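Both of the next two complexes hold chain A, though its partner changes from chain B to chain C.
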Partner chain A sequence: MALMTDDKPDDVALAVSNLHTTIGTGPGAVRGVDGVSFTVRRGEIFGIAGESGSGKSMTAFSILRLLPTRGRISEGSILFKGEELTTLSEAGMRKLRGDRIAMIFQDPMTSLNPVFTVGSQISEAILQHRRMSATQAQAEAIRLMEIVEIPDAASRYSAFPHQFSGGMRQRIMIAMALSCAPDLLIADEPTTALDVTVEKQIIGFLQKLRRETGVAIMLITHNLNLLAENSDRIAIMYAGQIVELAPTSEIFANPRHPYTQALLNSMPRGHISQQRLVPLAGVPPRIVGKRSGCSFAPRCPMAQELCTTVPELRDCGVGHSARCWFVEGSPRHDK
Partner chain B sequence: MGSYVLSRLAQAVVVLLAVAFITFLLLHLSGDPALLLMPPDATRAQVIEFRTQMGFDRPFFEQFFQFLGRILSGDLGYSWRFQEPVLPLVLERLPATALLAVTALIFSLIIAIPVGVISAVKRDTPIDNASMVLALLGQSIPGFWIGIMLIFLFSVKLGWLPTSGWETPQSIILPAVTLGLALVGRNARLVRSSMLEVLGEDYVKAARAKGLSEWRVVNHHALKNALLPVVTVVGLELGILLGGTVVIEVVFAWPGIGMLSVQAVTGRDYPIVQAVILLSAVLFTLTNLAVDLLYTRIDPRIGYK
Partner chain C sequence: MSQRIAGPGTLAEQTPPPRSAGGLSRPAEVLLGIITSKKAMFGILVILMVVICAVFSPWIAPHDPAAQSLAFRLAPMFSTAPDGTFHLLGTDHLGRDVLSRAIYGARVGLIVGLSVALIATFIGVTIGLVAGYFGGWIDAVLMRLCDVQLALPAILLAIAILAITGVSLLNIVLILALTQWVAFARVVRSATLSEREKEYVLAARALGFGSARIIYRYILPNVFAPIIVIATFAVAQAIIIEAALSFLGLGISGATPSWGAMLADGRTYLAIAPSLATIPGLFITLSVVGINLFGDWLRDFLDPKLKM
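After this line comes the complex of A and B, so read on.
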C-alpha cells in the first residue's frame, strides 16, 4: 500500500486520461466509457469493479484498441510507458498486444481455440513477438506451462483445450499472457467462470507474478471481495464513469459514494455475518446523448435536487476521490 | 475413437438396410411384376406359371430377403432394355458422374470460401451486399437455364468450348461450372454466416490480443472453425451429386448416372432404376460416413467422448 502518491514517471505503467469510447455514431451512440482517468503503476494490482455494463471491459478493450466494429475512442489519451496509444498505428498496436500488454479473458472455456493444441497456441504468441525457431518456441511454451504448474507439461503440450478443466485452461491463458513478459496485464474477470478454490490459485499466480516481475495488473471484476485482498487501489465504475477511486483499504473502510456503499451493503463480507445484506434494485443505465445529472441518482437513496446536475470527481482524502455532491460532510448513508 | 467408427459403421448398415427395404417396397407397390414382364397376349395360366417360377407368389418378406441376398452377392438383375446385368451398366456410368460432381464441387469451393470470408469480414459493406445478391442469384437461377446460356455464349457464339458430350477434356468445363454456380451461392452464404459466428467468439478476440495480424486471425484461427459446418454440407452435396445430376447431365449430354436413370425411367427399365436408387443411397451413406470420420480429424472435440 506504499504505492500511493508521488508518481515517478518510470513507475507509471499506464496513464488513462479523460477516455471516451462510444459505440455507434450519431445521436444513438452509446457512451460506453465516458471520461475515465486513472493510472496503473508498476507492480500494482489496480482493481476495476462495477456491475455488468458499467464500462469495465470496454475500458480494457479501449486500451488494447480491440473495440467492436462500431466502437471507437472519441476522446482522451492512453499513455502506456509514455507512449500514446490512441494515435498509434495499427501495426504499432499489434506489436504491443500480447507482447507488452497482455490480456486474460473471462471464460477460459471459450477463449482458447478448440481446434488447435494448447501448446501451439502458446508458441504462436511467442513466435509472434520473439525471434525464436519453432523448436525453441515449443521449449519455451513448455517452460511457461511448467511455471503455471500444469502437470506433465511436455506431454500436455499437444493436448487440445477440451481435454483440460476450466482452471487449467485459465492457467494456459496466463502462460500465454506471460510468454513475452508484459509490462501490463489486463485480467478481465479472470476467475468469474471458475470455482472458489481454483479462483484462489489463479489469483495466487497473479500475485506471485507481480511480485516477481513487477508487472502492472488491471484486475477487472464485479466481485469486490476478490479485490479486498488482492488489489492496491480500486476504481468503482458506474454507467461508463469512475464514481469512486481510492486505495483498497479506504474503499472498504470509508466508502464515500452512495453506489460504493450500496455495493458493499449488498455483498457478504467475510466474518461479519450479523450484517443484513441490502440488495441494490435496478440496473445501470446506458448513457445515450448528454448526461442529465448524476447517473446513479435514480437508484440512489440520498438523491436530492442537486443531483440533477452532473457531479465531478471530487477529492475526499489522500488518493481518494468520489463523483458525488455530498462527498464532504454529506448526509452519510450508514446502515 | 475406435468405438466411434464402429458405431458410425453400424448406423450406416442400418440406413442401407432401410434403403433396400424401401426400394423393394416401392417396386412391390408399383404393380404385379408378372403382368408387367409377360407379353400382353400371354394366357392366364402362363402368367401364373411365370409368377410361381419367379417366386412372385411367395410371402413379401421372403421375397425381400431373397432380394437382399441377391444384391449382397452383387446381382442387381438384368436390364430389360439392354439385356445385360444391371450393375456393370450402372458402374460404367459412375466415373463420368463422379468426375463432374467433384469438379463442380471444387469449383464452387474455390469461389465460395473466399467470397464468404470476405463478405463476413466486410460485413454490411457494399462488397458484402453485392456478393450476397450474386450468391442468391446463383442459388435461385435454375441450372438448366444457366447451362443453356453458357452453351449459347461459350459454344455457339464464341466457339471456345464444346456444347455437349465428353469427348475432350474441355467438355467438363461448362457442365461443371453450371453445376458449381448453384453451389457457389449456397456455400458462400454458409461460409459467411459460419464465419460471422466464429468471428464473435472469445478465442478470436484472444488471438487478436496476442498481437496476431488480422490476416492470421481470420484465415488461421477463425476459418478453420468456420469450415466445420461447411464440411458437413459439402459432404451432403457430394452425396447428392454422386447420385447423378439429372438436369445438367441431360442438358450437356453428359454420359453419367443421371442420363442413365432418365433413359431407364422413360424406357420403364425398372431394374436399372432400382439399381440407380440403391447405388445413390449407398454412395450418399458412404460419403456421409466419410465426412463423419473426417470430422474426427479436423475437429478434435469429436470422437473422444
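After this line comes the complex of A and C, so read on.
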C-alpha cells in the first residue's frame, strides 16, 4: 500500500498484512478475517467500522490472539513494533498483553470482576507486568485512577464495581489498560454501552491520551459519526475484508465503495438537516469456503456481471483504496 | 477537564465511605436473612445443637456412654435405676444410657459430615474448574470420570471398598468423599462454562493473566455460591450414608457411639424396646432435615435472581 512506504519504520506501531483468521476447520470453516492489511502509526487513532459480524472485533482479537476456542490465524503477519506476533509463543503473547498492547471492551458493566474492589484489580494489573511492592502498586493504582479522573480516587480505591456507574467503570478499565503504558490500545466499541455525554468524556480522554503519550489507538465501532471527529484514518470492514481504507475526511467527503456510501446514507449527519435516510437492507454474509465474487454484490445497487469476480483493493487517491470494480480513476491494481 | 465530570463528582460525595457502602456489611446481611426466615432459624438451631452436643458432649451427657449396667438393661424412657441414676431415654441392651450415647454420636456424625464435605468440595471443585475452563479433551475425560462415578451406587461402592481396606474413620471419610465429589464437579463445571465467557475473564486475559490466576481469582470466587449450597447438602448426605454403613455393620466399631450403630443395635429389640431404634433415627432425621433446610435457605439467599 502507498501509505506504508511513506512511514518511517519506528513510526509504525502495528502493521497487519494479509491476515486470515478462520473459525473451525475443513469446508465449514468461517472466514472471520479474510486478507486484512493495515498499519497503525504512533499517536494515531485508527478507526475500524462495519456492521456486526463484519470481522472488526475478530481482527482485534487476532492481534492479541484471544480467539474463540476453534479460531486460529491461518495466514498473514502481524508486526508489532517490528516484532512478529503470529509466530510468538503463548507465553510471549501473555507478556505482551496488558503490558505493551492493552484492550478495553464494549461493556464496562461486565468487564470488571464483581467480587474484588476496583483498586485491587488495577493493582493486580500493575503487578502482573511490573516489579513493585503491593503498597507501591496501590499508590500507582490511585495515581492511575486520578489520571482517568475518578473523583476522590484514594477512597474509591476500595469500592466494588457495582458501586460505580458505567462511565466510571469504563474509566477504570482504561486505568487498567494504561497501567503499563502500552504502545497500542485496542478499544473495541468502548462507548457503545454508554450514553452520549459519557461517550464524549471517554473519547475526549482517549484523544488526550494519544496526544500526551503517543499511544497508537485502534478504535473499533459501528458508529461512523464517532469516528468522523475522533479518528485519523478509517477502515470500513465488510464480511471479513477491508472494503475501503482512507483518511477520515476522505471517507466522509469522497466515499468510493458502494457499501461506505450506503452506510453514510443510512445514518443521520448533523450538518445536513434535510437529508433523507436510506436504510441498507439485508445483513452481511458469513463467508464459508471460497468467495464467489464481491461479497457486497447481493446488497449492492451497482452490482453487475463483473461483480461475480472477486475484486481487489484498488487505489483511488492519496492513501485511499477501495475494494470495488467501479472505483473511478483507478486503472491499476493495488497488489 | 474537571468540570466535565461534575456528575460522578457529586455521586462520590453522596456515597458513604466504601467500607460500609451498601448499607449493611455482608455478615450483618446474612444474620438478618437468617433471623427473618423460619426455615433458616430452624436449620441453624438444629445445626447449633448438633455442634454443641458434639463439642461439649462430656459436659452435656449425663452418663459415661460406655458405662454398662447389665442389671439395668433395656430400660424404658424416664426410668430410674436401682442405684438412683436417672435415664431420660432409657438404656440399651448393655444397660448404657441412650441419651448419652446419642449426644456422643453427634461427634461421629459431625466429623464425618464436615470432613467428607470438605474433601469432596476440594476434589470436585478442582475437577469442575479445570474441566469447565479448559474444555476440549480434558473436559471430556474428567466428565466421563464423573459418569463412571455416578454409575456406581454410593453405598455399594463404599461397602466394596470398606470390605477391602477395612473399617476406620479415615477410610470411611475418604470413601464417602469419593462418592460425593461428582455433584460439585458437575455444578462447578457448568458454572465455569458460563463464567469463562464473561467479558471480565476476556479482559483478564487481555491484561496478560495466566490460566491459573484467572481460574483462582476470576472464576472460583464467582462460582462460590453454589459450592456452599452443595456443601451443606453433602454434609447431610454424608451423615446419612455413614449411618447406613454403621447400620450395615461397616461403620465405626461399636465402642464409639454412632447414630447408625445405635440404630442397628436397637433393631434387634424393636419389639421389646422400640425407642432404642427410633431415638437415634430421630436424631439422624432431625439433623439432616435441619442441615437441608439451612442449605435450602442458603440457596435462595445466594441466588442473585431473587434479589433486587
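Worth a mention:
Basically, the second predicted complex is superposed on the first by the 323 of 335 C-alpha atoms of A that agree within 3 Å, B and C clash if a C-alpha of one lies under 4 Å from a C-alpha of the other, contacts with A are read in each partner's own complex, and residues count from 1 in each chain.
As a convention for this text, a contact is a pair of C-beta atoms (placed from the backbone, for glycine too) under 8 Å apart; a residue touches a chain by one contact, two chains touch by 3 or more.
Bear in mind that the values here come from a model prediction, so they are computed numbers and not experimental data.
With the C-alpha superposition on chain A as described, chain C and chain B clash in the combined arrangement.
Applying the stated contact rule after C-alpha superposition, one finds that A:308 touches neither chain B nor chain C.
In the superposition on chain A, contact of A:266 is made with neither chain B nor chain C.
When the shared chain is aligned, no partner comes close enough to touch A:17: not chain B, not chain C.
By the touch criterion defined above, A:64 lies against chain B and chain C together after alignment on the C-alpha atoms of chain A.
In the superposition on chain A, the chain among chain B and chain C reaching more residues of chain A is C. With both structures placed on the common chain, the touch criterion links A:150 to chain C but leaves chain B unconnected. After overlaying the two complexes on the shared chain, residue contacts for A:111 are found with chain B and with chain C alike.
The clashing stretch of chain C relative to chain B, chosen from 1-9, 37-45 or 55-63, is 37-45 in the chain A superposition.
Shared contact residues on chain A (touching chain B in one structure, chain C in the other): 64, 66, 69, 94-99, 102-103, 105-107, 110-116, 124-125, 128-129, 160, 163, 173, 176. The touching residues of chain C, counted against chain A in their complex, run 1-2, 4-5, 7-9, 11-13, 15, 17-19, 21-22, 135-136, 198-200, 202-210, 217-218, 221-222. The part of chain A that touches chain C in the complex is made up of residues 64, 66, 69, 94-99, 102-103, 105-107, 110-117, 124-125, 128-129, 149-152, 155-160, 163, 165, 167-168, 173, 176, 197, 201, 204, 208. Considering their complex, residues 123, 201-203, 205-213, 221, 224-225, 228, 298-301, 304 of chain B touch chain A.
The touching residues of chain A, counted against chain B in their complex, run 64, 66, 69, 94-99, 102-103, 105-107, 110-116, 124-125, 128-129, 160, 162-163, 173, 176.
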